[in-house]
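Shared between the two complexes below is subunit A, which has subunit B as its partner in the first and subunit C in the second.
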Partner chain A sequence: MNAVLCVAGKEFKTYFKTPVAYVFLVVFLALTGWAFFFLGNFFEQRAATLRDMFGFLPWSFLFVVPAVCMKMWAEERKIGTFETLLTMPLSEVQIVLGKFLAAFGLVAVALALTFPLPVIVGMTAASSVDFGPIVGGYIGALFLGAAYVAICLFASAITESQIVAFILGAFLAFGLALIGSQSVAGIFPSAIGELLQLLSLQTHFMNIERGVVDSRDVLYYLSVLTFFLMLNVAAVKRR
Partner chain B sequence: MIRVSRLRKTFGSTVAVNDISFEVKEGEVVGLLGPNGAGKSTTMRMLTTFLDPDSGGIEIAGYDALDQPIEARRRIGYLPESAPLYEELGVLESLNYTAKIRGLDGAARKRRVDEMVEACGLGAVTHKDIGQLSKGYRQRVGLAQSIVHDPAFLILDEPTTGLDPNQIKEIRALITKLGAKKTIILSTHIMQEVQAVCSRALIINKGNIVADGRPDQLVTQSAKTGCRFSLTVRGAVRERATAAFSKTDGVRSVVVEGEVGDLLHLTAVGANDGVADELFRTAVREQWVLRELRLERASLEDVFSQLTLGNATGAGAKAANKEDQA
Partner chain C sequence: MTSTPKQRRMQFAISVALVTANLFLLNWIALGNYGRVDLTRDGVYTLHAATRKLLGNLDDLVTAKVYLSEKQFLDNAGWSLLPRQVKDKIDEFVAQANGKLQVEYRDPSDDKDIEREAQQAGIQQIPLGSSDSSSMTVFQPFCGVTLQYAGKEEVIPVAEPPRLEYDLAMAITKLTRTETITIGFNVVNQLPEGLPPEMLAQMRDQFPRDLHDIDNDYRSLVTELRRQFVVEKVPLTTAVPEHVNLLVVANTKGMNDVHRFHLDQYVMRGGKVVFLTEGVDPPQGQMPVLTAQDASNDEFFKHYGFGVKKNLVFDAQCPTDRYGRRIFYVPEIQPRYFDPDSALVANLGRFMLMFASGIELMPPPGVEPIVLCRTSPGAWEQTGFFDITPDNVLQQRKDMKADDLKQFDVVGVLKGRFTSYFANRPLPNDLTGASTGPSAADLGMSEDDVEDLEGGDEDESDDIVDDGATVPDQPAGGEHPTDAPVQDPAQKPATDPVTDPTKKSDGPSEQDVPGGGIADAAQDPPPVPAPAPEGATPAAPQVPENPDPNVATAPPEGAGTQQAVFVVKDSPETTIVVIGSSMMLTNNLIEAGAGNLEFFWSLVERLTTGGELSEIRNKLIDVPAVRADYTPGEKNAFKYVGMLGVPVIVLAIGILVYVVSKAKSGRAS
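Up next is the complex of A and B:
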């Protein structure tokens, strides 16, 4: 555990030594703010929920999470520190978890920085505010973010090009989000459509965003997370 | 003790390491020599558990490196080719990170990092980021990181490549200092390096060991194949000189290397160093002025090219070497 935190700490600190973290935070907050104020038509509706903001997360994460993860393994391979890192007395699982925690930590910080929005809702809503769905939404957002991070980290582990890692990560996450949308799942026979929805990052997030933290959704996210982290470990073990 | 038996590693159809076995005893400083692509780095990557061999075994301090890689890693310090480092980290930060991952903490870590700064001469750059360092200092930081946990075994892949002559001297001095307490395997293309710092040389060619022994031992063995003399005479006609020197006692072959004005430059190979006397007498008899007569010591370079430029000679020398050790 100590070693995991050690790797995580170094990676997290490194984010703030380059513009990566700042660019990520600014872009993410801009996208989220836009979704809240304009997608949700805030100024006219004065809605008592953050649903539009949460609903947009699967899409805004698509741009920013790959950027946060692309460097993690690709850069190590490129400059050769991959070799020193993997000859430290750590298991591959420990290193993968450390890197995961660092990237997930940054995503969590970004989500935490959206706190003014629920405050604004609380102060301006036209009707009384039910904070349950808002809390549920944040929990769901963390799960969603964790799944995206695991996917994009895996993408970074199989190339030494950060650009390729970005594109691949975004593509994988986009695919997993898109298959659940009506426009894709709807064109298939209903059985397959339902299966696709079952596998989609986005549909599970819709449930949570409604404020219902269902154990099936949690299980789903944990499965995606574990699956991609295991792929990541396998990719690193292959060298 | 490092024990390597029948190591083999292929990448697709490329055989990087064919069949390598050797042992390294405590306190030895072993130089891995070989041309580009000989398999030095691949061998080291297997020793450090970075790569798994296709077949064969590796034992590090009694641990099977394939079954218990973590135990092996704890005892090894490794500096890969070109000393990869995290550019964004500061020098101290980088050392501390490695120390922490290696399980050092608190006061022990601080003491050890200070010791490394001192031992590797990093005092002047502790406030800098690694991205700002010169190649020589990067190499030192790399070296400092590889020994921060005080490993018994040190594996250095081309530790002096890309450095200027002064830095090369410094790094070699550092390695020699470390060699007093540690078992070291280093790879290099530079023969003087082996003669300067290694107690033993392993010459690798095409994934096989072609020679193994003390550097001076290898040189003496190759000297058995003859002594080379460099000769410059004045007043001799080319053909006459070749003929006369060829007929000289003990001379095996004569080659004209060049002609400048009335100076003729030749190389003669003789049975032993006593042939110099005969060459001198021949020149006197023919009334040529002997401007230069020099015995060219066979160097490790000669051994190296002999062993690595053809497979047949390589195998022969290995066999000869085995006899010698027996």
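Up next is the complex of A and C:
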């Protein structure tokens, strides 16, 4: 575990030594704030809730999480540190988990920095705000972010090009989010449509973000994590 | 032995495949075995246990189409949250249905085909107003649901988020219910059928209170009840059909012994009854002075353990108009005056009683009395002389001393085993078609329980009396000329199945009379068609063959011809509910949204089905509003600080770190 945390710590610090973390945070926070105030028409709708912000997360993550993860493996290969990394006394699993935790840590920091929004909701509400759904929304956002990171990390592991890793990661995440939407699932026969919804990142996120933590959703996200991290390990081993 | 890289890759690939398969399996198993934590303050996403049970027991696919004009709602100020509230609730249903509920959302906002489809499906457009600072607009969105199951369809024309759980659960219950629940509805003094419309109208004008017509006066209630139940008219001139699960007796004025006999025997067979009756005749037309009802039912009611006082109850706790003025001191019964321990009224809201009388419970042995609802302590009564002129009522209120104010019991329940009102009384002479339904064997009674009683002689140990009743020389109904015509015994076959205790009545059948009225249970079950020859004199029906050697048939004293009548003397465990006002269910109060429908519906639901569904309470997924008093400047401040505050700080830190690191590297170099 220490080895995993060591890798995670090193990778996490690396983010902040380069502009990556700052650019990521600025873009993510500005996007989220825009979605909350302008896309969701906070003051016009007059609903003291963060649902619009959480509802936009699957799409804002699409832009920023692949950017955070794309360099994780691709750059190691490009600059030739990949082999060096593998010669260290660490298993592939430990390295993968370490990198995953680092990227997930950055996503968690980004989510934490959205704190002004619930504060504003609380300040502007005419009556007391129910913070249950807000807590649920953040829990769901962490699960969703973790799933996105695992997917994009895998995309980074199978290519040397950061651009390809970005596009592939975004495409995979987008696909997994979109298949659960009515417009996609609805065109298939009911059984297939239902299966697609069960496989969708967004369907499960919507459940948690309104304040209901369901063991099926948690298990789904843990399964997605396990699956893509396992593929990540496989991709590293293959190299 | 070491494996080659190819073998290792193969082993790893197999491991990946196995883990993937296990993950799928695990998720599949979890679909039916799961737990949920509702983080919301009031548990607004937690479906009621009854709903969860209902969804968990679905054995086949229910498909729902939700016609929701989402775009229209989102485009109109003040309504943008509604689609989400509807979807959230429906999502909860889907989550709990283990794949047995499939939902399709259809937005008719910009699609004429979907709009037409919604209209054809019975979904209603809801005229709504939307106002912003400068204008007011009216729009007509759709928000309704159709549900299909096994070829049957239920429609929720207007899906209101607060009561959507109840409406959906009720619709699914109705779709999946295999047995039919029948509510018998009786108004003794109903308008006669078959009269010309002008004459009916004249009679209604003349006797607006005395002569009720279920198809009109109780139309709104019946329409609502029919969403879940079969509703049949039960005139009590013949035996109450066996398939009637609950009998509602609204207005008992004019009840005669024949009515009482059939009512009594229904109770003795375990039937549950709701009485809505008052001690004072409500107003006739514009007459402000009312009269007390006669005492003809007093003994009958007292036998079962209740009484309806000859008073008129007024209450300071009453509805108010938009200006805050009290409406006529009509008692508005508040939940805080409900029995806190009774499941029959648990979680129910207020309701209104008009021209109500107080009730009293004096239960016989073996019967448990429960006062369900009382007026507020600020109520008073008129007795003796009833003047409802507003000035008089107001003056009376002013003159009232604190000691004169008190609580009145207005709704009560009697639960237990009752004895027959006719156990020690002669049977009415004009019983026709007087089957009391099942035989002793049907009732599960032993031969010892059944004894012979001749002509009104009593034997307290009897459970069932096989008695003879005279066939009247003329049709019954002298005391109640407006009753539905009683069947002429001459037109009944000698082996009338209705009088044959070995035969049971037919199953439930909702027979709509032309014009959407209520099927008349007097004709259900229909007698075997064996019309008497034209001009034939009424022939005495033969005494049917006794199905039980222990049950003898004999005529009552003075009886001429006989029909076998089984009188059940002791009831199994059953329930009688008494409400001190028959007006509470009339159209105006049902439609007024005074809570009367919800109250009565819950009673019916709980009495007939155990009432699991009625425990589903309205829950609104309530989101507090943002204060409206912010100036545009303040709003912009919130917006830009909220959106850019932290990013600017992060950016500044990033630049600082960059500058510092540059400076460090510069110094190092």
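As a working rule, the second predicted complex is superposed on the first by the 236 of 239 C-alpha atoms of A that agree within 3 Å, B and C clash if a C-alpha of one lies under 4 Å from a C-alpha of the other, contacts with A are read in each partner's own complex, and residues count from 1 in each chain.
The working rule: a contact is a pair of C-beta atoms (placed from the backbone, for glycine too) under 8 Å apart; a residue touches a chain by one contact, two chains touch by 3 or more.
The shown structure was predicted, so the numbers you read here are calculated from the model rather than taken from an experiment.
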Subunit A superposed: clash or fit between subunit B and subunit C?
fit
One more residue to check, A:51. First (subunit B), second (subunit C), both or neither?
second
Touched partner set for A:79, first subunit B, second subunit C, both or neither
first
Taking the superposition on A as described, I'd like to know which of subunit B and subunit C A:194 touches: first, second, both or neither.
second
Classify the contacts of A:7 with the two partner chains as first (subunit B alone), second (subunit C alone), both, or neither.
first
Looking at the overlay, what does A:133 touch: subunit B (first), subunit C (second), both, or neither?
second
Touched partner set for A:17, first subunit B, second subunit C, both or neither
both
Specify the partner with more touching residues on subunit A, choosing between subunit B and subunit C.
C
Who does A:182 touch here: subunit B (first), subunit C (second), both, or neither?
second
In the overlay, answer first, second, both or neither for which of subunit B and subunit C A:90 touches.
first
Least Cα gap, in Å, left between subunit B and subunit C after the two complexes are fitted on chain A
5
So which positions on subunit A get touched by both subunit B and subunit C?
17
Help me check something: in the complex, which residues belonging to subunit A touch subunit B?
3, 6-7, 10, 14, 17-18, 79-84, 86-91, 239
What part of subunit C is in contact with subunit A in the complex they form?
8-9, 12-13, 16, 19-20, 23, 26-27, 30-31, 34-42, 45, 61, 63, 77-78, 80-81, 84, 88, 91-92, 95, 99, 102, 104-105, 622-628, 630, 635, 638-639, 641-647, 650-651, 653-654, 657-658, 661
What residues on subunit B touch subunit A, complex-wise?
45, 48-51, 70, 73-74, 76, 78, 80-82, 84-89, 97-98, 100-103, 145
Over in the complex, which subunit A residues touch subunit C? Could you list them?
16-17, 19, 21-23, 25-26, 29-30, 33-34, 36-38, 41-49, 51, 113-117, 120, 124-133, 135-136, 182, 186, 190, 194, 198, 206-207, 210-216, 219-220, 223, 226-227, 230-231, 234, 237-238
